[in-house]
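I've put the structures underneath this note.
Two complexes, one shared chain (chain A), two partners (chain B, chain C).
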Partner chain A sequence: MSNQRKCHKMQRWQMAIAFALVFLFAVSFAFAAGQQENQAAGAEETVTLEWWTWDSEEYDEASQRAMAKVFEETHPDIKINMILMPVSGFETKMTTALGSGVGGPDVTFFSIANWYPKALPLDDLIERDNFDTSIYYDAFWKTKTQFDGKTIGLPLGVGAQFIMYNKDLFDEAGVAYPEDDWTTADYLEIARKVANPDKKIWGCEILKRPFRAIWFNHGEDVRLYSPDSKVVEGYLNSPGSQQAYEWFYDLMRSGATPSVSDMETLSSENTGPVDLFMAGRLGMATLNQGHMLNAVKEGMNFGVVREPGLEGGERYVNAWSLMVSIWEGSENPDESWEFLKWYVGPEGQKFLMDNANLFPSIGSVAKQYKDADKDYVQGFLKVLEDTNVAIWRGTHPSGSKVESGIKDLWDKIQLNLISRSDIKAELDALVPAAQLTLEEAKKTLGK
Partner chain B sequence: MKRSKRSAIDRRQTIDAYVCISPWLIGFLIFTIMPISFTIYYSFTRWTIMEPPVWIGLKNYIFMFTKDPIFWQSLKVTSLYVVMSLPIIIIFGLLLALLLNLKIRGMNLYRTLFYIPAVISGVSVAMLWTWLLQPDVGMVNTLLDLVGIKGPGWFWDPVWALPSVASMSVWKVGGSAVIYLAGLQNIPPQLYEAARIDGAGRRQAFFKITIPLLTPTLFFQLIIQMIECFKVFTEAFVITKGGPLKATYFYLLYFYEEGFQHFNTGYASALILVLVTVIMGMTVFVNYTSKRWVYYAGEDRAS
Partner chain C sequence: MSIPLKGQNKGISPVFNKRITVNIKHVIKTLFIHLCMILIAFFFLVPILWMLSTALKLRWEIFAWPPEWLPREPHWENFREAFKRVPMWGYMWNTLRIIFFKVIGELFAVPLVAYAFARFRFPGKKVLFLLVISTMMIPLQTKLIPLFSMYVRFGLIDSYWPLILPAFTGTPFFIFLMVQYIKTMPRDLDDAARIDGLNNYGILYRILIPLCVPALTITVTYTFLWTWNEFLQPLIYLNSYEKYTIQLGLEMFKGMWSVEWNLLMAATLSTMLPVLVLYFFAQKKLIGGIATLGLKG
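Coming up: the complex of A and B.
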C-alpha cells in the first residue's frame, strides 16, 4: 500500500470519527432540550424550589426532610429539593454561586455577612402578606434579619453559650452552685476548688479566644476598637481589656484547667470542651443548648448559669440565630417566600422543635417546649435576656480580622511566655499593628 | 505542483490534529488559562467576590512587601519547612527504596505496607500525629519518659512546632520510594556485574553506578516534592491552626484565611501569584543546576 493510500485511508477514519462525535453531540443536545421542555411543561403545575441546608445538633437530616414533606403536603403546588451539604462545602458553594450570580439556591442560610447584599429584600412581601414579625425574639430580629435598612431574612432557632456545671463534681468538692450574679473572681475560685488533678478532674476549660461574652463583661471599653471603627487605642489596651487578659493569665496558672494540648486533643473539632464535660472530667464548661440537651439525654446531673462578669456590671451573652433568606437570583421568589415564612415561621420551627433539638426564635412556640418548666430550660431562656455580643460583632465585620492579628498575646499567656506585669506593655505594643489591620480591613470588609 | 499537494495534506493533517485535541485544548483554556488570567487581573484589584472588583494597581503588592509582617512570617515559615522537610522525603525515600529493592521473600508485601500511608487522607494522618505527639499522653513522649527523657511540647511548643510538622514528612516517603524504586529497577544489572568483575565494592557501585543513573529520578523528585512542600496546608489547618505564635503559619494558610475567611480575594490572588513566582523561580534554579549533576543514559558528557 502506498503512503498516499495509507494517508487517505487514515483521513477517512478521522472523518468517520469526527462524524460520530458530531452525531453524539447532536443527540445529546436534542435529549437535553427535550428534558428542558418536559421540565418547563411540568413547571406550569408545580414549582420546585432548591433548598440548601446542613444538619446539626439542632436539626438533623431526617427531621428536615420530614419537615419538607409536611410543607409539600400542605402546599401541593410547591416541591422542595432539599440539598444537604457539610458547612465548609456549603460556604464555598454559596460564595461561588452568589459571586458568579449563577446556580444559587432559592432558600438557604445566609450565614456569612459577606453574602448579605445578595439576599432578596423581604419588606414588600412581609407587608403584602401582613406577616407578623413581632413573633420573633426582639434581639434576634434586630441582629439576624436586617441589613442596610432592609429586612433580608428570618431568624431560625436560637442558640447561646452559657456555663454548664456538673452538680456531682460540685457536691463531691463541697462547693456551692454558682448563681447569676457571680463574678469572674468567683469563677476562678470555684474552678480551683472543684479541680482534682490526682483524679484528672479539672475545674473549667481553657477559653478559646478573647473578646467574647466574658471579655465584654469586663466593661464597655473592652472592645477591639471604637464603636465608630476608627480607633484601636483606648479599647484593645483599655484598663478593662488589661483586666480581662490578666484574669485569663490567672486562669491559666490556677492549676484548674487541663493543659493546652489536652484541650486540643481531647476536644473534637468545633465541640469545644463538651467531650471532657460529658466524660465528667470538667466541673464547668462553656457550652450551648445543643450540648445541654445531649447532657439531658445522657442523664447528667448538671445546672446552667450565665457567664460570669464584674460585680454590678452589664452582662453579655454569645447568642446566635441563623438567618434564612431568599437568594436575589431566585426565579421563584413568591414560592420561596411561601416556603420561607412557613419554615422559619411558627409551623416549621415547632416541627423542628418537636422532632429535633431546635429552640425556636419565636417566644410563643418556645413556651410549648416539652421541658419548658425544667431548671435548665429556664436557665437557658434567661441567658437570652442578656445583651448579645453579636450586636457589636454584627456591626463590626472587621473585628475578626483585627482579632486574628492579635492572637500572639493569647498564645504567649497560654504558653507562659510572659509575666502578668507584661500584659499592659504587650497590649500597648499591639495597638499600631491592629490599627493598620483595621484600616486595611475596613476597605474590604466594611466598617 | 507536487509541493503544493504535499503542503495541502500537511495543512489538513494539522487541522485534523487540532480537531482531535480540541476537547483538551478547550478544557485547558477554560479551566487553566482563564482562571490564571483572572487571578492575575484580580491581584491588581480590591475584590470581596460579592461586589465588582475595583482596580487598585500595585497596591496589594506594595502593601504585601512593605507593610504586611504576616506575609513575611508565613513565607519564612514555609521556606523553613521546605528546608526541613525536603531532605527527609528525598533521603528517607531513597533509603527506603534501596531496602525495598532487595531480593528477599515477601517483598511485595513490604512494598504494599510502606505505600499504605501514601493513600491515607491528609486529615486522618494529621489526627494520628496529633495523638502520637501529644505531650502528656502521646506515644512518643511516653516512650521517651520510659528512658528518662522529658519530651517537648511538640505541636504546642513554639520552638518544636515547625520541626514536628516537618517530621510528619516521614509519612510521605512511601510514595516517594515507589518512584525511586522504578528508577532503581531501570538500571541495567549488567553494569553491576561488570563493576563486580572489575573489583568494585558495594559502596563504589552505589556511588559510581546507582546514584549517577538515578539522578534523573532524583531531579524529578526534587522538583515535585519541593512544590508539594511549598503547598503545605493540611497539617497546620488541622493541628496547629498556624500557632503557637505563628510558628507554623504556612503561606497557604494565610492565603486561605485571606481568600476564604476574610473574602479579601484581590489580596489573596496577589499572595498566590507571589507563591507561584517563588516556586517557578526555585524550579528554574534547580533546572539550571541540573545540567551539572543529572546524567541521562546515552548522553555524551564529553561533547
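Coming up: the complex of A and C.
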C-alpha cells in the first residue's frame, strides 16, 4: 500500500472519530435539553415533586410508593417522583445537593441539624391553611420542628430507646423479668445473673456514651452544664454525675458485658448490639422501635422495659421523631406543602401505620395502632410517657460538642485505665476544658 | 551390562537406586511446597468461604457462638431472596453498560493524551503534565459539589453521562501510566515509521499501541474494577431506582436499624463473579503488565 493511500485511510479514520465524538456530545446535550423541555412542558399541567426517602423497618419501599399513589389520586395536579436511596448514602447526597444549591429535593428528611438553615420556613403556610399543629405530640413538636424561632418541618413517626430483654435467656438463668420501677442496681445484678461466659452469653451491652436517659435518671444535676447553658461546674462533676460514672465503672467490671473489642467487632455498621441480641447472646440491650420490629419479624421471645433509674426518681427517655421539610430551593413550595401536610399529617401517617410499621407522631392516630394490644407495643408506648431527654438537649445545641470533649473519661473507664476512686478527680479535671468548649460552642451555635 | 528386571532380588544398580531416592525426595519436596501453598491459599480464601457460609445462614445464625462454619441447614433461597428484594441483575447490567462506555472512553483518550506528553515538545508541557498528574491528589469529595452543580445545570443528573463523560478525557492515573510506558519505547521506532510514511496518528495506532497492550490491559481492568466498586458518584448522579448500579444495590441491604447480612453476602458473592471471570481472562496480561510497569495492588 502506498504511503499516500495509507495517509488517506488514516485521515478518513480520524474524520470518523471526530464525527463520532461530535455526535456523542451532541446527543448528550440534546438529550439533556429534551429532558428540560419535557419538564417545562409538563409543568403547565401537573407539577412533579421530587421526594427523597429511604427504606426502613417502619416504612418500606412498597408502602411508601403506595402512599404516594394514594396522594396522587386525591391530588391529580401533583405527581410524586419518589427517589429511594440507601440510608448510608442519604447524608452525602443531601449535603452535596444543599451545598451546591441546585438539584435538591422538594420534600425530604432534614435529619441533620446542619441542614436546618436550608429548610423552608412553614409558619406562613401553616397559618394560611389553619393547619392544626397541636395534633402532634408536644415534645416532638417542640424539639423536632423548630429552628431559629421558625417552624421548618413536621415530625414523622416516633422512635425511642428502651431496654429489650430476651425472655428465653432470662428463663434459662431463672431470673425474673425487669419491671418499670427497676433501678440501676437491679440492672447490674440482672446482667450479672443472666451472663453465661462459658457460652459467650452476656447480660447486657457496653453503653455507647454518657448523658443519655439513664444518666438523666440519676438526678436533676446530672447534666453536661446548667439549664441556662452557662455553667459546667456542679453539673458535669455533680455527685449524681459521679454516681452515674461509678455505676458504669461497676458495669464494665461486672463480667456481664462483652469486651470492648468484642463489642466493636460485632456491632458493625453502626447497628449497635442488635445483632448480638438477635443471636441470643445478650440478655438485655438498649435498642429502639426499629430493632423491636425486626425481633417481632424473627419471632423472638422478648420484652420491653424503660431504662432503669434511681428509686423514686424521675424517669427520662431518649425519644425522637424524624423531621420532614421542604427544601428552600424548591420551585414548587405550595405543592410541596400540600404533599408535606398530607404525608406527615394524619392521612399519610395513618397509611404508613396501617400498611407498614410506622409509630405515628400524632396521638389520635397512634391510638389506632394495629397491634396496640401486643405487649411490646404497650411497652413502647409506655416508654414514650417519660420525660424526653430531647427537651433538654434540643434547646442546648452545644451538648454534643461538650460531650465529645469529655470522651476521654469514658474511654479510660472502658479500657480500665483508672480506678473507681479516681472518677471524681477526673470529672473535676474535665470541668475547665468543658467550660471552654461550651463558651466556644455557644459562639457558633448560640444558646 | 544387564538391566535388572522386576522380580530379580539382586542387581538393582546403585545409580537407579539413587535416582529413585532423588525422585522420591523431589516428590516429597514438591508435595510439601504444594501443601504449604494450598494452606496459604486456603488462608486467603477464608473470608470468601465465610461469606458463602454467611450467605447460606439464617439472619441471626451468623452471630452464634461458637461460630459455625457450616450452616445448620443451607438456605440457598437467600440468593433468590436477595435478587428479589433488590433488582441486582438490572444493576449488574447497568454497571456493565457504564463500564463498556468508560472503557471505550479511556482507550480512546488515554493513548492520545499520553502520546502527546511522551513524544511531543510544546510550550508548557511540563506544567500541563504536572497539572494533569496533580488532579490525582484532589479527593473526589472536594470536587463533588462543583461537579454536581455543573451536571445539574447541564441537565445530566439521573443519566449515566456524568459517570461516562470524564472517561473520554482520560483518567490522570492511566495517562501517567501510559506516558511512562511509551517513554520506555525507543524513538527509533517512531523515526522508522515516519520514514515509511506514517503520520503521528499512524505511529500511535499502528506502532505504539500494539506494543502498549500490557498498559492498556491495566487500564481496562482497573476501569472495570473501579467502576464496578464505585459507590459515591452513582449515588450522587443517579436518582431513578431502576438506573442504580451494583454498589448502590448492595447498600440497599443495609437498613436504618440493621443489616441483612445473609442477603448482603449472597448478593455480594454473586456480584463478585464477573470480577473473577475478568481476572481469569486478564490475569496473564495483567500480571505481565504489573510486572513491567512496576505496579503493586
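The rule is short, and it goes like this: the second predicted complex is superposed on the first by the 394 of 447 C-alpha atoms of A that agree within 3 Å, B and C clash if a C-alpha of one lies under 4 Å from a C-alpha of the other, contacts with A are read in each partner's own complex, and residues count from 1 in each chain.
As a convention for this text, a contact is a pair of C-beta atoms (placed from the backbone, for glycine too) under 8 Å apart; a residue touches a chain by one contact, two chains touch by 3 or more.
No experiment lies behind these values; they were computed from the predicted model shown.
A.B. asks: Compare chain B and chain C by how many residues of chain A each one touches, and report the one with more.
C.D. replies: If we count touched residues of chain A for both partners, the winner is C.
A.B. asks: Name the contact category of A:Asp275: first (chain B only), second (chain C only), both, or neither.
C.D. replies: A:Asp275 sits against chain C, while chain B stays out of touch.
A.B. asks: Examine A:Ala441 and indicate which partner it touches, taking first as chain B and second as chain C; both and neither are also allowed.
C.D. replies: first
A.B. asks: According to the stated criteria, A:Thr92 is in contact with first (chain B), second (chain C), both, or neither; which is it?
C.D. replies: In the superposition, A:Thr92 touches chain B and chain C alike.
A.B. asks: Could you say whether A:Ala62 touches chain B, chain C, both of them, or neither, answering first, second, both or neither?
C.D. replies: neither
A.B. asks: Look at A:Gln414 in the shared chain and tell me whether it touches chain B only, chain C only, both, or neither; answer first, second, both or neither.
C.D. replies: first
A.B. asks: A:Ser259 contacts which: chain B (first), chain C (second), both, neither?
C.D. replies: A:Ser259 sits against chain B, while chain C stays out of touch.
A.B. asks: By the touch definition at the top of the document, which applies to A:Ala372: first (chain B), second (chain C), both, or neither?
C.D. replies: In the superposition, A:Ala372 touches no partner, neither chain B nor chain C.
A.B. asks: Touch check for A:Ser400: first (chain B), second (chain C), both, or neither?
C.D. replies: first
A.B. asks: So, A:Lys118: does it touch chain B (first), chain C (second), both, or neither?
C.D. replies: After superposing on A, A:Lys118 lies in contact with chain B but is clear of chain C.
A.B. asks: Pick out the shared contact residues on chain A: the ones touching chain B in one complex and chain C in the other.
C.D. replies: Touching chain B in the first complex and chain C in the second, residues 7, 14, 92, 99 of chain A appear in both lists.
A.B. asks: Would you pull the chain A residues touching chain B in the complex into a rising list?
C.D. replies: Its residues touching chain B are 7, 11, 14, 18, 91-92, 95, 98-99, 114-115, 117-118, 259-262, 264-265, 400-401, 404-405, 407-408, 411-412, 414-415, 417, 433, 436, 440-441, 443-445.
A.B. asks: Within their complex, state which residues of chain A touch chain C.
C.D. replies: So the residues of chain A touching chain C come out as 3-4, 6-7, 10, 13-14, 17, 21, 24, 28-29, 31-33, 35-36, 50, 54-58, 81, 83-89, 92-93, 96-97, 99-103, 199-201, 266, 268-269, 271, 274-276, 278-281, 288, 290-291, 294, 298.
A.B. asks: Mind listing the chain C positions that touch chain A in their complex?
C.D. replies: Result: residues 59-66, 108, 144-146, 148-149, 152-157, 159, 161, 165, 168, 196-199, 201-202, 231-232, 235-236, 239-241, 248, 251-252, 254-259, 261 of chain C touch chain A.
A.B. asks: Can you name the residues of chain B that touch chain A in the complex?
C.D. replies: Touching chain A: residues 9, 12, 16, 19-20, 46, 48-51, 63, 67, 69-70, 130-131, 134-137, 153-158, 243-246, 257, 260-264, 266-267 of chain B.
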